[in-house]
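Which chain is which? They are A, B, C and D, in the order written, and residues in each are numbered from 1.
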Amino acid sequence: MPFIPHTEEEISQMLEVIGIDSTEALFDEIPSHLRTSGLDGIPEGMTEMEISRLMHKRASQNTDAVCFIGAGAYEHHIPAAVWQLTTRGEYYTAYTPYQAEASQGTLQLTYEFQSMMTALTDMDVSNASLYDGASALAEAVLMAIRGNRKSKSRKVLIPRTVHPTYRKTTETIVTGQNIDLLEVDYDLAAGTVQLDALKQAATDAGGDITAVVIQQPNFFGALEDIDAITDWAHENRILVISITNPLSLAVLKPPGQWGSENTGVDIACGDGQPLGAPMSCGGPYYGFLCSTSALVRQMPGRIVGRTIDVDGKEGFVLTLQAREQHIRRSKATSNICTNQGLVVTASTIHMAILGPEGLENTAAACHANTTSLVAQLTDIDGVRYAFSSPYFHEAVLVLDQPVTAVLEALAERGILGGYDLGAEYPELGNALLVCATELRSEEDINAYQAALEAALDVETRQKEIA
Amino acid sequence: MPFIPHTEEEISQMLEVIGIDSTEALFDEIPSHLRTSGLDGIPEGMTEMEISRLMHKRASQNTDAVCFIGAGAYEHHIPAAVWQLTTRGEYYTAYTPYQAEASQGTLQLTYEFQSMMTALTDMDVSNASLYDGASALAEAVLMAIRGNRKSKSRKVLIPRTVHPTYRKTTETIVTGQNIDLLEVDYDLAAGTVQLDALKQAATDAGGDITAVVIQQPNFFGALEDIDAITDWAHENRILVISITNPLSLAVLKPPGQWGSENTGVDIACGDGQPLGAPMSCGGPYYGFLCSTSALVRQMPGRIVGRTIDVDGKEGFVLTLQAREQHIRRSKATSNICTNQGLVVTASTIHMAILGPEGLENTAAACHANTTSLVAQLTDIDGVRYAFSSPYFHEAVLVLDQPVTAVLEALAERGILGGYDLGAEYPELGNALLVCATELRSEEDINAYQAALEAALDVETRQKEIA
Amino acid sequence: MLIHEHSKPGRKGAPQAPVSKADLSDIPSNLLRQDSAALPEVSEMQAVRHYTRLSQKNFAIDTHFYPLGSCTMKYNPRACNSLAQLPGFLSQHPLTPDELNQGYLACMHELQLMLCEAMGMAAFSLAPMAGAQGEFAGIAMIDAYHKANDDDGRKEILVPDAAHGTNPATATMCGFNVREIPTLDNGDVDIDALQQAVGPQTAGLMLTNPSTLGVFERQIEKIADIVHAVGGLLYYDGANLNAILGKIRPGDMGFDVIHTNLHKTFSTPHGGGGPGSGAVGVAERLIPFLPLPLVSQDNAGYHLVKEQDAPQSIGRLSAFMGNAGVLIRAYVYMRLLGRDGMARVSEFATLNANYMMAEARRRGFELAIPDRRASHEFIITLKREASELHVTAMDFAKRLLDLGYHAPTTYFPLLVPECLLIEPTESEAKEALDGFMDALEQIRQEAESNPEVVTTAPHTLPVKRLDEVRAARQLDLAWKPEA
Amino acid sequence: MLIHEHSKPGRKGAPQAPVSKADLSDIPSNLLRQDSAALPEVSEMQAVRHYTRLSQKNFAIDTHFYPLGSCTMKYNPRACNSLAQLPGFLSQHPLTPDELNQGYLACMHELQLMLCEAMGMAAFSLAPMAGAQGEFAGIAMIDAYHKANDDDGRKEILVPDAAHGTNPATATMCGFNVREIPTLDNGDVDIDALQQAVGPQTAGLMLTNPSTLGVFERQIEKIADIVHAVGGLLYYDGANLNAILGKIRPGDMGFDVIHTNLHKTFSTPHGGGGPGSGAVGVAERLIPFLPLPLVSQDNAGYHLVKEQDAPQSIGRLSAFMGNAGVLIRAYVYMRLLGRDGMARVSEFATLNANYMMAEARRRGFELAIPDRRASHEFIITLKREASELHVTAMDFAKRLLDLGYHAPTTYFPLLVPECLLIEPTESEAKEALDGFMDALEQIRQEAESNPEVVTTAPHTLPVKRLDEVRAARQLDLAWKPEA
């Protein structure tokens, strides 16, 4: 029997010890009229050989086009060692490290992860992960509401330059708790939110704002004026929540230093995917959440602390558990229990192998490749960069033709050409968000350029014909 | 620096301890006129990202046609657990277990492997592996020469039904030691070697024969008359060396029971590839070698024994090392040192996971699939089974057209149609060796049938046109 | 030793990254990082060695019997891992157009259908990323349902006192007040108390059946009637599904919403903390409220349901597709088991638990609920040992580690003093169960003859008992470079 | 506990095989197996757990510093493993027609060329499956060369007494007589003895340079002249190439034939015993004798050289392609390093060895060859400790295991009494070298103050010192079912 070790003889022995005749009797407390007759809608079992064949076929039905989509999930090189180590049974098949002494592997690794995230963000403390970047933003907002005792409004400013699904997820999650998420529009020329717009929104909302969210680089890849916004917020007792791509922090100013005096944000969150998680159809990734020490008791999720054992030897435990659902129940900082530990494991190993210089070089290469891509594509007639702001490794292009058809034409040429902004940002026209990570070679970029030229040409011609 | 952990500071510290100025000085005993100036013919180093891209491209240049070739290497389902465990660093990056106490993992596993191989072959003892099946045959022959004290002739009978490259490899390896490998022809109708032919060959050779080699199933997939041959050999003080596909031993009579009285062969060898090694372009596989207890001191290669430690606790060590090159030097049983330990690791885990029933079912399914394949292909006009003998999971088909062109036509249709016997066995005509393992589905077999029909048709037509 | 302590300035990893830093001069310098992040600088081998050795300090399913109650630590088939890691899945961008992502979407669609069948629900969403998020989605749907019916006054969620902490925490997160319902000594919900608690303020009841006490709630139909009668909905916490898979379906018991922990019942690995998946299923009337993404099928193939086509949806719970890779693993597992395999899961999980419970009784341990069938788990209470011998459940747990067993869940459910919640799962062999019971017995003997060895356990692990109080008081949550 | 001891009759693995046994009735029953093979019957989880835990009982590069002299235990980059396991390589049948196998053949052709360049040889064959088989191929080629020149009387192979055991064993296997050449105290070959030993009977000399004594043979040109002068050929045992890679090439030293241990210098993992690869390179005049398969290139692509086009080849050494998967790993490693990386290998391997040697001297250990540069390895002799303290090299080795270091090679080369042959390799950091030297020093102190702790070591491993004599006398080489 698949995955069941019992022999007939053992089954009889066990039934005898229990004092029953058959395994059926084990279910005699279940009202018989409720019993399931059989799960006819579920196919019969397969052998590993058969499922393997099926899954290879399914996997091959997915595209293998060269990817220029970013928009919150990025294709990076992941050292081979990372997942070979991560899928070792000792990491892969352990539970949450409740029994600290039997879980020092996971616990120490998580402590190292927290150390790396605080280093990258330059924040005081980090938790052990949340589900993903979007839900981490929701938790950050809830944390800010709990943490900003000076504000009573439960109002949070969120620029439209924040990732659309992050905003939607946050909306879903905080909606039950009487919180106002106030969207703030961005500047169409700059592709960033202006301080004036934030001020105006604050005034319109009556002045008392609990927190402001800033994404850097923002959803368009453009760089926000983080220092000014941070300064303004703190002058007005507004907590600052940053969303950052953690890879970008190898070269961009870390949230812990935002503000003209490097005072830093209060809560830093984001998605850890660029640090060792494959794109994998959308998950599992992980959300990271860092904050100032002042807010540590408002943190959701697991936190690992370093301590000593009875002999004074260093060791690691889950700590500050009084914040959590299994202790505090309905008064917990969050309902989160299971997090994204394995992806954190991969990410920690990924960062250790790349090191600070490796991450810096990678981040800089992403920037350089996207710069080349934008340069080469905007060389084509009818393609222009949408904004005036500098960008990190994503940029919005505006085409003189509808994006959908162009993307289809590119896909036929083996190129996933980017993310169509039409649905979320109709005001931008035929806008396309493109990204070239360190993996995109010159050859790839040339191929994109050629394919786009051809696609636009065909489109142009078809339009002329019609 | 790739894979080198030294910092500039450490380098200086180390040089100072050594008492030199630069690493150059480390090489000052090498005559300077012999020094290499630079390895210009070797390209510059690549990043992992770059080599990864290159290797993906190279891998994709290999065919992914459905494989019906056997001829000594077989595509089987390997449980996912097998190589995930085998490539754990503790197995993958250990050396030969010279320090027994720090190598109990590898040693115990090897002991378990020896136990499994003696169980499968029903022989007394097994070594820890040789390079592959072909070189194992060479070692088996040398072992027989050393072991058969009653024979002086150094003559060994090898039927032509033994795998051609096994015969060639053996020729290469034993050639320096004055051994006569006498080829014995097979019966064209049966596709097996006849006892009379062996007798005749023995007589022709003057009567004193040291050993006879029998492959079961033989290279054609056909089943030899092992009992009669074993009986005759033993009556004539000839040692019997079997070559078997170890998977087949789940259903076929094991070498340890060959002979009408189940007396068994003296030395059993073969290639372990069907037990957990992927086809992998031809290697690494491993050779197994089992024998009677009487011959154990003639064994080449490592052997692991079970013993106890000073507390009486069970443990495992390399044993009978006095046979080996590092002790016995020029008088060793073989020069082998490094063997195929990692593949043995995989194979042991593979056997443990499949278990006796899993191996039996797999072997039987291979037989059934090949039987279907032969039935379906011989349904086609101009295709017939070559022999009268029963077969295990390979069979020789004879076509009414030259094989080369047919195979090319099949390959264009995504089928690797088998192994062309033309070069090695011209007497068989347009002969093709085919194999369908448990992995070949009904769909695959139907596809082969359709492709062969089409290929033969085209060929026929082309011939008609010409 | 921390990875940071292997670090040396200027030490570099393998050739993992572009070899030199590209130009960043087009970015204003006030937006750039000035210092270098204090990340460890180690060689690739140092990292590999460090994390290999670190891993060996964990207990895991792949190394030890791990009868952690409520967590369903069963075997995680290795095929699920390797097939989920096929490049066609791993390198797929989540925003790939549906037409180019059919292989993945086909798996997800079938997974939705299989879950519906196994749970007796009308529709499933795979969006939630763990059980707790599934609970969130479920309670948010209950809220949305009532609101859609203009039934705005339902401010209360009922939760049995035996419930997992995520239940009340979730209700709060969704803006509800939580009211606890007591449990009887026999493990059943106190029906009278429930009857008194329900009313027009009742949005719903969260229940797991079998409960966290390891017994099947026999009055489930009555409970459903009571809640439904006042207009409330019934939420099923699917953490204990391993006990009933293929035997009885939550939908047939009358539940309106359910989350499943795919990382429990459907054997995706727990990964030392996650990721999991908390797919949610609903009865017909709640379908419009399901969270996105959802996969639908038509003649042209598989599609993600568009937001505009799901106007009543509670919305999104993540940026993309939930924990896609976990879902693929669950899909493979379910296909491997098939319909018969599913019923076997609960059969043998239950057999193992009842066998262990019978053995515990035979060996003189006190059972929390002695007169009931165990479900897939059961509870021993060590209150006698604690009061008479001053050896607590925690001491037993720590000593078990020395003897090569992961400890069961301790001190949960909160109702039972000094308890061990023991869940063997179906994948453990009788030898493991017997070995564990022998160990428990040995510890009790030690507690009598030599309590010190138990109360100071563990002795054989990388560290001895750790000071949790110090950890919480003298917070040390991250390594920082020396200033 | 053996896997067999987890077995129960009727226990079945995962769904790994076809579910039932197909019909075999067309095979005569006397050719069928009557009993079932006594293989273990365990569940998949039991197997996974057993082999996971077993693995943890090994020391390995991925867990410990492993300075095993002559074995070059350096870091095995994980990328080599994953890229060699790409399905396009793994599922390729060895008899796939060349046209359909171009990706693999391209790698092999480039590997041949890179090895030629790195070694200064005219051509390479990748056929040999380990160092010893490479030696076999080399000596067989020397034999074939002489015979092709009708020079039949050359029956002797010369081997320094410091040589690895495979050298004399190989010569015997090829049908030669072995004559040993003594080594001087300074580690160089005794040139006078060599001069006297050579003659018309000399087929060749097998040499490794640097030698197994860890020093570079300075007289190599003279040695080459002496051997060549009498018509003999010079064979290079490539086990020590890590010391000279990119610094001096065997071809330039005058060698005619060479084997390389790709599992040493080129970092393919040793896998607990193998597989390795012993690719052989030759000077121009020996090209016709190279073993098959060989990969050639023309305008149409890459091809395997056909037997009829290599009539003088010594022939085949394996059924198919040698250890193809190992060759792919070596190819990836070489491309990762590139030309500069190769020279760095020997530079840092040598730096590490000389640093450790200097430290050993400073700490008062006796060096076997004190006045020479170390190559990539060096030798400590513990003869004083053995005679005065009765603590042997083996005791030091076993005690090192307790302290977390794999022992160096002991009692090899045979010339040096009570020796430790220490090879750190380039991939170890200074901390590891220092830690090892501290451990050695600690053990010497223990040997003086508390010798018992050393002579009964190890104490902290899964087993204590094992009885090898018993193992060889009371042979127990396989588990057998009880009769």
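Throughout what follows, a residue touches a chain if its C-beta (ideal position, glycine included) is under 8 Å from a C-beta of that chain, and two chains touch if they have at least 3 such contacts.
Remember, predicted model here, so these are calculated numbers, not experimental data.
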Pair sharing more residue contacts (C-beta pairs) when B-D is set against B-C: B-D
Over-half contact-pair match to A-C, picked out of the listed pairs B-C, B-D or A-D: B-D
Chain B-chain D separation of Cα centroids, rounded to whole Å: 21
Approximate Å spacing (C-alpha centroids) for the pair chain C, chain D: 48
Of all residues in chain D, the ones touching two or more other chains: 8, 11-12, 14-19, 42-46, 48, 52, 56, 61-64, 75, 77-79, 81, 83, 336, 427-429
Multi-partner residues of chain A (at least 2 other chains): 1-6, 10, 45-49, 52, 77, 79-81, 84, 87-90, 438
Parts of chain D lying in touch with chain C, wherever the complex brings them together: 6, 8, 11, 14-15, 43-46, 48-49, 52-53, 56, 61-64, 75, 77-79, 336, 427-429, 431
Chain C-touching residues of chain B, taken from the complex the two chains share: 1-10, 45-49, 79-81, 84, 89-90
Partner chain A, residues of chain B touching it in the complex: 47-49, 52-53, 77, 79-80, 84, 87-88, 438-439, 441
Chain D residues touching chain A - in the complex, by the definition given at the top: 8-12, 14-19, 42-46, 48, 52, 77-79, 81-83
